[in-house]
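Here is the structure we will look at.
Chain lettering (A, B, C and D) follows the sequence in which the chains are written, and residue indices restart at 1 in each chain.
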Amino acid sequence: MATSVAEPQTHSVRDWLYRQLEPRARVGQGLSPLNWALGLLILVVVTLSILETEPAIARGHERFFDDFEFAAGLIFLVEYCARLWVEVENPRYAGARFPRLRYALTPIAIIDLVAILPALFAFGGAPSLVLRFFRVLRMLRLAKLGRTSRAWEHIRDAMYERRFEFALILTMVGVVVLISGSLLYWAEADVQPDKFGSIPRALWWSVITLTTVGYGDATPVTTIGKILGGIMALCGVMFIALPTGLFAASFTEAMQRHREHCDREEGPDA
Amino acid sequence: MATSVAEPQTHSVRDWLYRQLEPRARVGQGLSPLNWALGLLILVVVTLSILETEPAIARGHERFFDDFEFAAGLIFLVEYCARLWVEVENPRYAGARFPRLRYALTPIAIIDLVAILPALFAFGGAPSLVLRFFRVLRMLRLAKLGRTSRAWEHIRDAMYERRFEFALILTMVGVVVLISGSLLYWAEADVQPDKFGSIPRALWWSVITLTTVGYGDATPVTTIGKILGGIMALCGVMFIALPTGLFAASFTEAMQRHREHCDREEGPDA
Amino acid sequence: MATSVAEPQTHSVRDWLYRQLEPRARVGQGLSPLNWALGLLILVVVTLSILETEPAIARGHERFFDDFEFAAGLIFLVEYCARLWVEVENPRYAGARFPRLRYALTPIAIIDLVAILPALFAFGGAPSLVLRFFRVLRMLRLAKLGRTSRAWEHIRDAMYERRFEFALILTMVGVVVLISGSLLYWAEADVQPDKFGSIPRALWWSVITLTTVGYGDATPVTTIGKILGGIMALCGVMFIALPTGLFAASFTEAMQRHREHCDREEGPDA
Amino acid sequence: MATSVAEPQTHSVRDWLYRQLEPRARVGQGLSPLNWALGLLILVVVTLSILETEPAIARGHERFFDDFEFAAGLIFLVEYCARLWVEVENPRYAGARFPRLRYALTPIAIIDLVAILPALFAFGGAPSLVLRFFRVLRMLRLAKLGRTSRAWEHIRDAMYERRFEFALILTMVGVVVLISGSLLYWAEADVQPDKFGSIPRALWWSVITLTTVGYGDATPVTTIGKILGGIMALCGVMFIALPTGLFAASFTEAMQRHREHCDREEGPDA
């Protein structure tokens, strides 16, 4: 504590900004005022980005939306540069070379940059598919909200711990989707060639049925197809039951471990 | 105890009525006879309010429905005033100024009043949208049923304890709904402008798919849209799995805590 | 054991038949040979009752189906009478008056009789609605399968233990279904009077959405209706999550109790 | 160890190949290089088999797909013969007669052979239904992926342990499906004879509703049919809740047992 008295002024500003921007470095509870403001700005910008795409709302206000978009892009660019600047304070990179470059290559920093850049350039003559693509890219700013929360890490860790079971269930889902799609292709290809005429086409039905979404745009019409489809619908219930059961067990275990940990700290006379 | 002997007669009547109306103040098990009667009346009135909106049932009986509505409104108004009167007995407001005003400003009392008033006024010349709005307001009486049950508080407390996890899951749901809607807008806007022509329009598809409802009024038709839609349908299963798993873990923990509590009371030789 | 030597022959036959018919009285494991045969006959008769209703299958074989139905009805009538006869052996009715009448008035015996009788009479001139009703009644024979299994009782007991929580969830479901139906009636009645023109009509949409079935025969088309509908679809996920979480917790608790019971029996050195 | 010095060279090769092919016999962690290569080949072949059925992709490349199919079939045939050859090393068949014949009659070996054979023969003149059937058979190769994973056995064992409960739930599902189909047949047969004209036809609606898939190709239109249908939709939620709750409890129990096992091994001072 006393040693920091001798540190130059620059360090203090950078250190203060680092603790403002990085939730893990925050001393008090909750979010820092700066992160609150940035989170709010993200929500406003994303809402406007969404409304901008609706002609019934945006017509006549294109100028306002464009200017706001550009201004928000500048603010996020300043934030990005500030994060680069303060990253040398991060203990994770303590002693490492090029801490700013290392940070710039983390996935979250790359997503940051990709979400900022489209707002700063005009794409006047671009075809609508490209224009829409850059608009969708801006939605990536929502991912920045995740950084403001420590709770994301807990859920990520809980899923990481059970990653083999989830990978297994995902593989099972894939195999059952493929086999059920193939069976319906076999049963329905002659009657509905546009919907079940090939396995890739039948896979659309297969995914929509096994997830119990059931749009109804592709349904079996032959007797054998309906029998197979009914069995697949019942399998779909299992597909919801397996990952749900696994999540439930993971959460239960995590809560129990937390409770036992608390009991132990309280002592044996609890 | 002995001090209450000197209390005036009014207190006894008010105290008796308070214990009749407030489930928490009830000495015996179950509901008081008065709350039973009020609960039954709510169910009858709500059922009639529902049937009244169906022309095939109400035609020719408008007078009966209107009169019944008005009579029930009067009874509920008397109940509301009685609750105001007895609220000074509530230990929660012991020593506080204006206990009746404090009660009148609680959410449940405001809902009460809002649900009563429309029944007492005629809206002859009002447009159908306003008329229907007041009819729907009467449904709020169902919320009064909640007051008659202590079990509501348990479930509310259990959810309150895990409010951060539920808020996190709700945020995740929101982010995934926005991103999936944006992606489908990118893929399908040219082919189906009326259903995916803007992100707000695509959000309808997004919510209906991720909750696995799947009406089928908006479905992707392009290959890339179907691939993205299939991935979103699989994410939808996760959306059901996460809150379900969390509920399961919360309930399991609550039951275990209750059981351990019972075991401890029975002593170590259980 | 030795005392039974003096018992008359009738008792032995009745006692043997009682142990054959009543699963709880069975000494060995699994089902008795007689119950196996009866269970199999139920499955065959139910399958034929189902196929009989399909003209593409039944045409030209009406005689065969009718004769089989009649023969099976006779066998089930003999079984019913046999059960009445042996019921005096049931320890539940030991010392009670009219044990056979008491048995005949139990729900399972009444269902038995109701499912048998329609098979023994011809309904030549009856209208199709009545004819179909008696055909559906025969399906009740499936309920007899439940009697052959002791496991049904376990699941029934587990649900009975949590009956208050399930009743609470059912009430919540009912309230949310009513309120969401009312809101959609308010938003959509002018635009789609045939589907949302009254609250009873809107309730069909409400139930189908909140259970995430989502047929798509009634969907909101106005903006406000779609916003409300989207919120209701998200509530629907909660409706699946709550009872599922409760079942999961109940099953987990039952398994743990069973395991602790086993541990205790094994002794502390397990 | 020292005794194996005297063994002939053949044994070493067969033993090495056995440990390469059989995951349970593997000394190191993860999959053997040979099984990695075979798993990858299966994925490639299955992907091509799927794409081959889509005319928009396969047109003009039929020769390539056929040749690749044939080559992959030869490789899998060699693998099959190799597995037969090394199976004498399997300790499961130690001392048994005809270990290779015993292996060849296991379900996994039969599936293997059935999936290989169609690729090696041409079916030029066969009708499209037969052709498609053999194409779908090739999907069975995916089942071979299961052999490369030890985790499948864990999930299989967990389900096997609770097989009575799952059988009971499956029976309940069957009974409710039959009864709800019969009721809708009773209510809707006159109005929609093509969809509810017989119980087998109504069962399609019944399965699709109770699994909450809800295509919307068959929906009740009468008032009584809608009331019954709404109740069935609510039952459908129970159908998802019951197996999910059971899975959750099974997984929770398995994790707890595993944890207690670990605690015990660490000793009481953990």
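By our rule, a contact is a pair of C-beta atoms (placed from the backbone, for glycine too) under 8 Å apart; a residue touches a chain by one contact, two chains touch by 3 or more.
Note that the coordinates shown come from a computational prediction; the quantities given were computed from them, not determined experimentally.
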item: Intersection of the contact lists for subunit A and subunit B; value: C, D
item: Fraction-based call for subunit C against subunit B, same above half, different below; value: different
item: Selected pair, greater C-beta contact count between A-C and C-D; value: C-D
item: Chain located farthest away, centre of subunit A as origin (C-alpha); value: C
item: Angular offset of subunit A relative to subunit D [C-alpha, multiple of 5 degrees]; value: 90
item: Centre-of-Cα separation between subunit D and subunit C, whole angstrom; value: 31
item: Euclidean distance of C-alpha centroids - subunit A vs subunit C, Å; value: 44
item: Junction residues of subunit B - those touching two or more other chains; value: 203, 212-216, 240, 244-246, 248-250, 252
item: Footprint of subunit D on subunit B - complex, ascending; value: 212-216, 244-245, 248, 252
item: Residues of subunit D touching subunit A in the complex; value: 46, 49-51, 53-55, 57, 128-129, 132-133, 135-136, 139, 142-143, 145, 149, 151-152, 155, 173, 203-204, 207-208, 211-217, 239-240, 243-252, 254-256, 259
item: Subunit A partner contacts - residues on subunit B that touch it in the complex; value: 164-165, 168, 171, 175, 178-179, 182-183, 185-186, 189-190, 197-201, 203, 209, 212-216, 219, 226, 230, 233-234, 236-238, 240-242, 244-246, 248-250, 252-253
